Structure formats: structure tokens, C-alpha cells
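Several structures are given next for inspection.
In the two complexes that follow, chain A is the common piece, with chain B as its partner first and chain C second.
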Partner chain A sequence: MSAQDADLIDAAPVARSSLLRIWLGRLEGPQTFGRGPAFWAVAALVVVGAAVWPLFTDGYTVGNAAYFMVWTFMAMGLGVVWGYCGALSFGQTAFFGVAGYSYGVLTINIGDAYGFTLVALALSVVIAALVAAVIGYFMFFGRIKGVFVGIVTLSVTLVFETFMAQTAAPQWRIGDARLNGFNGMSGMPPLTVPWFGGDVVLYPDPPLFWVLLGLNVLVWLGLRMALNAPFGNVLVAIRENPERAEMLGYDVRVYQVIAFTLGGALAGLSGALYTAWGQYITPSSMGLTAAALPIVWVAVGGRSDITATLLGTLLVLAGFQTLTIYGSQYALVVMGALLLLVVLAAPQGVVLGAMRLLARLGGRGR
Partner chain B sequence: MILETRGLTKSFGGIQVARSIDFALKQGEMHCLIGPNGAGKSSFFRLILGEHLPDAGSILFDGEDITRLKSFARIRRGISVKFQVPGIFKALSVRHNLEIAFQHHLRGHDLDATISRVLDFVELADEAATPAGALSHGQQQWLEIGMAVGVEPKLLLLDEPTAGMSPDETHRTGEMLRALNARGITILAVEHDMAFVQQVAERVTVLHFGSLFAQGTVEEIVNHPGVAEIYLGTADAD
Partner chain C sequence: MDVVSTVFSFAYQFGDAFAFLVISAAGLAVIFGMMGVINLAHGEFIMCGAYVTVAASRIGAPLPLAILCGALVAGLVGMAVERLVIRRLYHRPLDTIVATWGMSLIATQGTLIVLGSTMQGIGTPLGSVAIAGGAYSAYRLVLMAAAIALLVGLWLLFYRTRWGVLARATIQAPHMARALGVETGRVYGMTFGLGAALAGLAGGLYAPTMTMVPTMGATFIVESFVTVVVGGADIFLGAAPAAAILAVIRAGLTAWQGQLFGQIGLLLAVIVVIRLMPGGLSGWLAARARR
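Entry: the complex of A and B
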């Protein structure tokens, strides 16, 4: 072994630890709210509190909370596309639906043995991401921008909904999986984890809740790192002034497609998890109402911060469900009014505004 | 030559904004582009930047034909630009603006050192944490100059760099540009302010109705009989 080779081998762990330090350092930065020991102590307390909470409450409430956490990935994806990259997309529900139906088709045909449901979950996310990449490519390389991104993405999701709604006839099937038109596809298995002595079925209640909590934390931390990396800087630059970003040497279209694909993958994760959770998926999950709701969650939370988006989505979902229980016909009207109120009175988002106020009082934050 | 255009021609509808322009810029030169309103100066800039593609002719940068390249690809080859209206990210801090401008080429300590050096150069060291939109107009112009020159471009294009500045700010901007030029950066600036042109330019090109009307040293252009006439509106397009 030459001296140069020895140097390279010796240097490898140092380089890896340095790379790890850089990425961990990106958990905090100009693109995300919250920094310092106090912030992370509060975050850790919230996660630990959430993790032990199912041990002290009933199964229905835990299942309900798991349901809320299914949706947060789609909201965080929209936060990346809209809040950070500046492209208002109504297309999240399209990718949600694509992944949901993909999960159904895969698991109904192949089953749930040997942990295949987890493979199906991953494949569904990949399929949703690929669909998002293709749509994003034609949209952004076609120089579609501004309000037209919203129009195109809304059209895409409504086309998907309309198409799936007319698949009621028996010939609309993929293998054993009938698409079933407006009635939707059902009968797919929940997520299962292969384990010694029998599969662990992640349904309902605590096991699914813990998996979703873990996934939420992982995605949240991962997005914080990505958004505080140079990649996130470019997204924000595109949001603020795309012409200037291009004149700094960035191929704006490539970054927009990457952000859109990431958003689509996260919406797909929500879609597949939702299908596994409820064991059904219908075309209305891609309809007009479904497409508008993520906009409300993200706007109310605060689209320019991923933490605010996550917390805001959970809050609005909990509020929406309460309204649905106590005044079903008015719930959507209230959601619309809430969006209007936020746009007019707190355009930065209610949760983000509250977080900034708390940070000012405590002398910390972004 | 660092930049050369050959027979550069562009029309929008019936209006010809560039009429077979042959232009050459020497390495290390400090060159100003002047002309009355509607002369085609900004269109010429946009053709060089790739925001418009020419109907005919070619653009060579550092010996390479860049006529059909996208804007970002031209920037990556070493062209940098400062727009007339400050093209900065107003919601972000001054430091964040510079970080976004330089991260393409620099990382870690090199990036931090360059940002500190540029903050000093554009006299914004005390404003590093200030949102760029809260700076004065002149400071915003300087920030954009800093964003454009931090990674030492081969060619700096400036579209009216002193627009809206006070006489003092204009003079200080001229000093900045001379310092950059002394470091070897070739500069091509569109400018209306003749006092500024006289302060900084080695050579001047006059455009008129999309054509190259005159070219020479500052003195030659100031004493050119036709130049005064086109500014007063008495010279014909040809």
C-alpha cells in the first residue's frame, strides 16, 4: 500500500464525520424556524410526549391522531412546492390518489406476505414521484408559471378524478384489483411488518401511530436539512425572484421539477398510508374539495416554514374533524372562511405568526 | 476579445431593436454603452444574456459561440449581470443574498471568507443581517454589484448601475467599478450619466435606432458632432 493510499484510507472516517457534521448543522438555518438547545429540548419533549401518549388514552383517540398524521406528509410536500419554491400547486391530491390506487393494486394482486405491504408502500411513493416528475417536466420546461401552475395542476387532479370515477364497469380492473368507479377500491391489506412468530399488523391504534410519528419526525428533520442546504437556498431564491436566480447561473426549471417531484412523493406517501389505514380509496380523494384542503392547512400553518406547516396541518385537521362532528354541513364553509381570514389578516400563517411571537418574547427563533 | 457580436439582428414585430451589430470588447476593458432612449441598449444586453435569441448573427464569449445557450449556461461560463432595477432577494438578509449568489462556486470557509470580503467591499458589513428590502436604493444597487462580482466573473454587465443614486453614491459606485476593473474584470455598462461615463470608461460605444452609431474613447465620443445631434434628435437612423 502506498503512503498516498494509506492517507486516503485514514482520511475516510474524518471525511464521513465532517459530512455528517455538515448535514446535522443544516437542521438549523435561515430557511427553518427554531434553533438552539431550547428549541430542540421543546421538540424532543413534544416527540417523547406524543410517543408515550397512546399508553394513557383510548384506542379510538389514538387511531384518530394516526389519521391526522397520515395527511401531514402531503402538507409538508405542498410547503416545499408552494411555500419554499413559490409554485402554488393543486396537484398534491393527484399524486395522493395515484399512490393510493397503486398501493391497492399492488397489494390486492400480490398480497401482504413477507412484508410486501412495505414494499408496496415504497413502490407507490416512487410511482407518484415519477408521475409528478413527468408533469413537472412538461410544466416547468414549458415555462408555465404563476397562477397557471395552479390551473394546470388543478386540471390534472380533476382529470384523474373524472377518469377514476368512470371505472365502475367490471372490465376496469388491473389483475384482481377492480377500480370500481365512484365506489372506490377496497379490500387492500393494512401495513404489516414481518416479525418472529407472526407479522405485526400496523392497524389500528398504537403500532400505526408510532410508525407514523417516527415517519413524521424523520421527514420533518430530513426536510429541515434539505431546505437549509444549498438546494433550499435556490428554492427560496426562485420563489423570491426567479429571473435573478437564473442570472446567478441556476437552471431554475430543474430545481422546480425537483421540488415538484419531492412534493409529489410526499403526497404519494400520504396517499399510500391513507389507503393502508382505511383500506379503501375513492376518486373523491382527488376531487376539487380534496385539492383545496391542503392549501388551507398550509396557508393557516404558514407556508414558508416546514415546522409551521406540520403543526398547522395537525391543528386544522383536528379542528375540521370537530366541526364535522358538531356541525357537519358547515365544516367546509368554515374552512373556506378560515382561508379567507388567514389570507387577509395573517398571510404569513397563524402558527408561524404565533411561533415568531413566542420567539420574540423568548429572544430566539429565525 | 472576451466578447464579440457579429451581425447581431433582432426584431419585435415591425420594430428592429438590433440592426446587424458588430461589437467587440477587449479583455480587461471598461466599456460604456450609451444612446438615447429606444436606441436598443437594453435589448442588446438581453441578447448577450440570452433573454432574447437573435434573428440573425452570433455572439462569441471568450472564443465560444454562446448564441443559442440558455441564460444560466452563459452565466456559468463567467458572465455576471447587475440589472437596472435591483435584482435582489428582498425578503432575505444581505448575507443570505450573497450566500445564494456564491454557493454555486464556493462552500464552507471559502464561502464565509468571500461573503465577508464582499460585504466590506460594498460597504454593507454592518447590514449583513438586514433584510435586503430594507436597504436604501443605493445600498441595494451595491448589494447586487456584490452578488455579481463575488466569484470574479470574466465579464460584468451593468444596466444603469447608478440609476436613482445620489451624486455621492454615484461617485462611490464608480470607484468600486474601477477597483473591480483593476482586478482584471472586464466591464460593460449601459449608462446615461455622462459624468459617470467620464469617471469610469476607457472606451464608449453609442447605439442609435438599434445600430452601432459611434465608438471611441470618452473624449472622442464627447467631441463627436453626430452624438450630440442624436441626443437632441436631429440625426437620422442611417
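Entry: the complex of A and C
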């Protein structure tokens, strides 16, 4: 389908084309990088390659890769909030933590029978989304903007951290789940899928990797559709010029709250998955250092494109781990220098810059 | 008698919190409040000042001189950083977050590699004084006086010197200032250097009371940002009253429920203030004065 066809379908009345075709048409569009058969062929190759890769490597590496994938949801959520909607949230970790603790409390109290862990996962994401919606309503309907969004969200995540850190005493418990203060909460079951002939427990093994890969692809495709829908266009309009968007008749605040809620839900998905992955969550996952990390991933990858955010996050996580292994104490220094270099030399992001370069060479792209 | 000692104890708690907030936020109020640069390396400038102070004091410099050395070195480092990095990012304020966070990583880990995980500190000088039946650290009282002196000194600098006029003009209307022949680039550099020097001063002043570890800057950064955000762009109308209000909240909640609740109260206060007064205290006061 050429670009012109896509536009035509977008503009055509719903009756002339099925809803499904409209949404599938939105898989590519002005707000996301990559279009045409070549792009999708490469994307499919990457996914298939990732899917068969666990068969050729050892369990530890696969569990580790699963760990990286856990974080990508939070990064993509921040990509929507910051990169597309222009509101820098410094507190995505708050929703990460809320969902992580929710998953722990729910599963420790109710257990993992009948696939309840999956219900708990969904519930945790919903709880995180609700918290994000409340905070987003408070901020955006209060007309807080610019840097102050970052400060409020950072304060929120630090409040959660400080509060959870002082819950060490035994009276801080919800049902059977002790919150355990700074030592963190542990002992929750991993994700368990009910299956014929016995439950499948998703330890950090190939099955968990495949589930995460599937989720990743789904979220990526879903976000592409949402961002190329009118919704995404309005978000970009708000980023570029909130006043103009408002003059055109859009209630900027509503769109900002929706984007923020979406970002919070995705951060929550990461949080619940992280807790299930390691069966462990601590207050420091909501601290200052943890809160800065998603910003770094998104900034390095490229924040104004969801694909660049996704790839950049994986790249930075893997690169940083390699640095930590081989560079030991110099890892953080190199990391800091890299950040400086990226901001000064490639302000649009490393991955996005590389993708645009490739596209220019191949004569394709956005 | 008991009432007097309780009142004095609260006043001491309040003064201590106030001094801490004013001293640690002064540098950030200049860099973030006035220039709009989000400096996540603020804590590392403080750490730099503290380390230089301790080192100078160990080779025999008297403490006040050592503290000035700390401030001076931090200021010079700040000017270098502005020239090399910050200068390119004035039109991209959100990117300064990433850049300064990178610098903070380099500084913290670099210090750890070069100087080790802790450095032997210098003890708190001046001992303690007994007032109204309680023993209080005399150095903490000096710090309270230093906070007041700092505010007075900054006011004189910004409102009574030629440089202060140029700095305020550059920050308020850079194009106009440049048209009138002000070298705005140099003023920005000096202002950032001043902010860094103030951070170094904070580090120097608090060095005798703290454990010298490379991550010591983190103790300051959240409180500094909170004070500056609550205060808004103006140091005198904003950051100083904000520090007073936050100090009451903190001292009260700490006395009532313990330190962690003092911290939580501080952060919740920020959220409420931003919601009610988006320009901070000083923006709110200015708007009321205009009416």
C-alpha cells in the first residue's frame, strides 16, 4: 500500500472500508518511522530471529534477555508521554513500583492457582493506570507544564520510595504480604499459565522470553496504530505547540491525561513483570537513580519515535551490562560520558539518527 | 522552664532545617531558578566543595579559608562545565537533565575510583553550648548565621553591584541585554559559576558534619530542588520564604512522626504548591503585588 492509499483510506468514510483495514493501515504513518515491505520484512526477520534465538543459547543468557525486555514497556510508555506528548515525566518508576507491589500483594495473598497470576498482572497494570490517571488529572488539569511536570512526578516517586522504605516493622502488612521496608518484598510466585496437564510456570527461561517477546511485539504494534491514529496526531500537535492545538478545538488536558495514563499503565506492566521475573521488589526501584534510568534509555535511543525508543532501550541495557562486566568500576564513568556525547552530538538519539541515515541511503523511511 | 526548653528545641530544629535548605538550595536557585538549567549535578558540585574543603583543612588551612577554597574550586569547575557543555544546551532545557545526570555519574564514580569509597573527614568544630537546659551544637548555630549572611550577601550582589544588574538583565531579556552591549555569554558563564560556587560553599559548610563519601551530594539534591520549586524563580522572595515554610513542615513532622514522615511531608508540600501556585511562592507574590 502506498502512502497515498493510506491517506485515502484514512479520509474515507467508515462505511467504505472496514474498521479493521483502517486500523491496520495505521501500522505505518506520519508519526512512526518505517513503512513499506522492506521495513516490515526486516521487522519480521528480527522477531523470528529473536524467537528462535533461545534454542541456540544457554538459559542464563535467555533469562537475562528476558530481563531487558521487561523494561522496554516502561521505556515505550515514557516515549509516548515525553517523546510524543512533550511532557517529561521523571516518575514513571512510581507506577512501576505501584504495579510491582500490587502484583506481590495480590499473588502472595491469593496464590497462583487457576492462572490467577495473570489476573494479578492485569489488575496491577489497571491499578498503576488508575494512579497515573489521578496524578495526571491533578497535574494537567492544574495546567502544570514544562519542567514542573518532571518535578511533580519525581516527588511522587520519591514519596512512594520513602514511604515504602519505612514499612519494615511487622505491622506493615496487607493480608499475608509483609511490605518489609527497605529490604523489599519477596516470595511472590512467578507468572503461571494454566495448561492441560499441569501449569506452566514462567521462570526466567525460554517460555518467559517468548511470552515477553510476544507482549513486546503486541505493544509495539498497538502503539504504532494508536500513534498514527488521530489521537497520536493530536499528541504531536500538543508537543509542537499546545496553544495552537487548543485553538484548533482540542482539549489539550484530556489528551495529556490519556497519554500519561497510557504511559503509567506501560510502566506498571514493566513493574509487575519485573516483580514476577525476579520474585522481588524493593523501594529503591522507585528511587532517584532508578527514576533517571528510563529517561536515559529514551533519550539515547531517540524519543520521538517508538521503534527507536524500543531498540535504544535494549541497546543501552545490553551495553551497560557489558560495560559493567568488562569495565567494572569504569562502567559508570563511560556511561556518563556516553550520555554527554549523545546529548551534544546526536540530540535526536543514536538509534533514530542511525535509522534516518539508513533510510536516506535506502531512499525510504518516514 | 520545660516550655522554654521545648520551644527552644523546636526553634533549633527549625533553624537547622532552614539553614540546610537555604544553604543547599542557594546554588540551585541561581542555576535552576534564574537560568532555568536543570542541574542534576548540583549534588556533585556540593561534593566537590566538601572534598576540597576537607583536603585544604588537612594540609593546615583554617576552616573558613578551607571552605572558601572549596567554593572557589567548585565555581571554577562550574565555569568550565558551562563553557564545555551547558552553553550548547540553553535552548534545549530538557536535554540538560540527561547531560547533567551524565556528569553526575562521571563525578561520583570518578571520585570513588580516584579517592576511594570514603575519605577521613574533619570533626565538627566548636563543641556544644548549653542553652535552656539542652546541649546544642555550636557549629549548627554558626550554620544558621551563615544562611542569613548568605542571603544578605546574595541580595547585595544582585541588587547593589553593576554585575548583579547585568546578570539580572541578561537573564530577563537576553536579546535586549545583548543589544545594549552586554556580553551575555560571559554573564551566563559567570552566573553558572556563581551557582556552582554556592553549591561548593554548601559542601564546605556541611563537610565537618558529614561522612565524606562520593555519593554525599545525593543527600542535598532532593531538598534543594524542593526548595527552589516551591520558591520559584526569585531567590529572595521565593527560595528564602520557601525554606522557612518547608523548615516548619519538616521540623514539625519530624518531631511528631519521625524523620521519614518529615521527608514525605516535604515532598507532598511541593506537589500541593505547584498545583496551587505554578510560579512558586515568588511568582504568586509577584502576581499579587501587580494586582
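By our rule, the second predicted complex is superposed on the first by the 339 of 366 C-alpha atoms of A that agree within 3 Å, B and C clash if a C-alpha of one lies under 4 Å from a C-alpha of the other, contacts with A are read in each partner's own complex, and residues count from 1 in each chain.
Heads up, the rule we're going with is that a contact is a pair of C-beta atoms (placed from the backbone, for glycine too) under 8 Å apart; a residue touches a chain by one contact, two chains touch by 3 or more.
This is a predicted model, so every value here is computed, not measured.
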Chain touching more of chain A, residue-wise (chain B, chain C): C
Partner chain in contact with A:Gln279 - chain B first, chain C second, else both or neither: neither
First, second, both or neither for A:Tyr250, with chain B first and chain C second: first
Which of chain B and chain C A:Val152 touches, first, second, both or neither: second
Contacts of A:Asn109 with chain B and chain C, given as first, second, both or neither: neither
Contacts of A:Gln166 with chain B and chain C, given as first, second, both or neither: second
Which of chain B and chain C A:Pro230 touches, first, second, both or neither: first
Touched partner set for A:Thr324, first chain B, second chain C, both or neither: neither
Of all residues in chain B, those that touch chain A in their complex: 49, 70-73, 75-76, 81, 83, 87-93, 96, 99-101, 103-104, 107, 147
Contact set on chain A toward chain B in their complex: 30, 230, 233-234, 236-237, 240-241, 243-252
Sites on chain C touched by chain A in the complex: 36, 38, 40, 85, 88-89, 92-95, 97-99, 101-110, 112-113, 218, 221-222, 225-226, 229, 258, 260-261, 263-264, 267-268, 270-271, 274-275, 278
Sites on chain A touched by chain C in the complex: 82, 88, 90, 138-139, 142-144, 146-148, 150-152, 154-156, 158-159, 162-163, 165-166, 288, 292, 295-296, 299, 329-333, 335-340, 342-344, 347
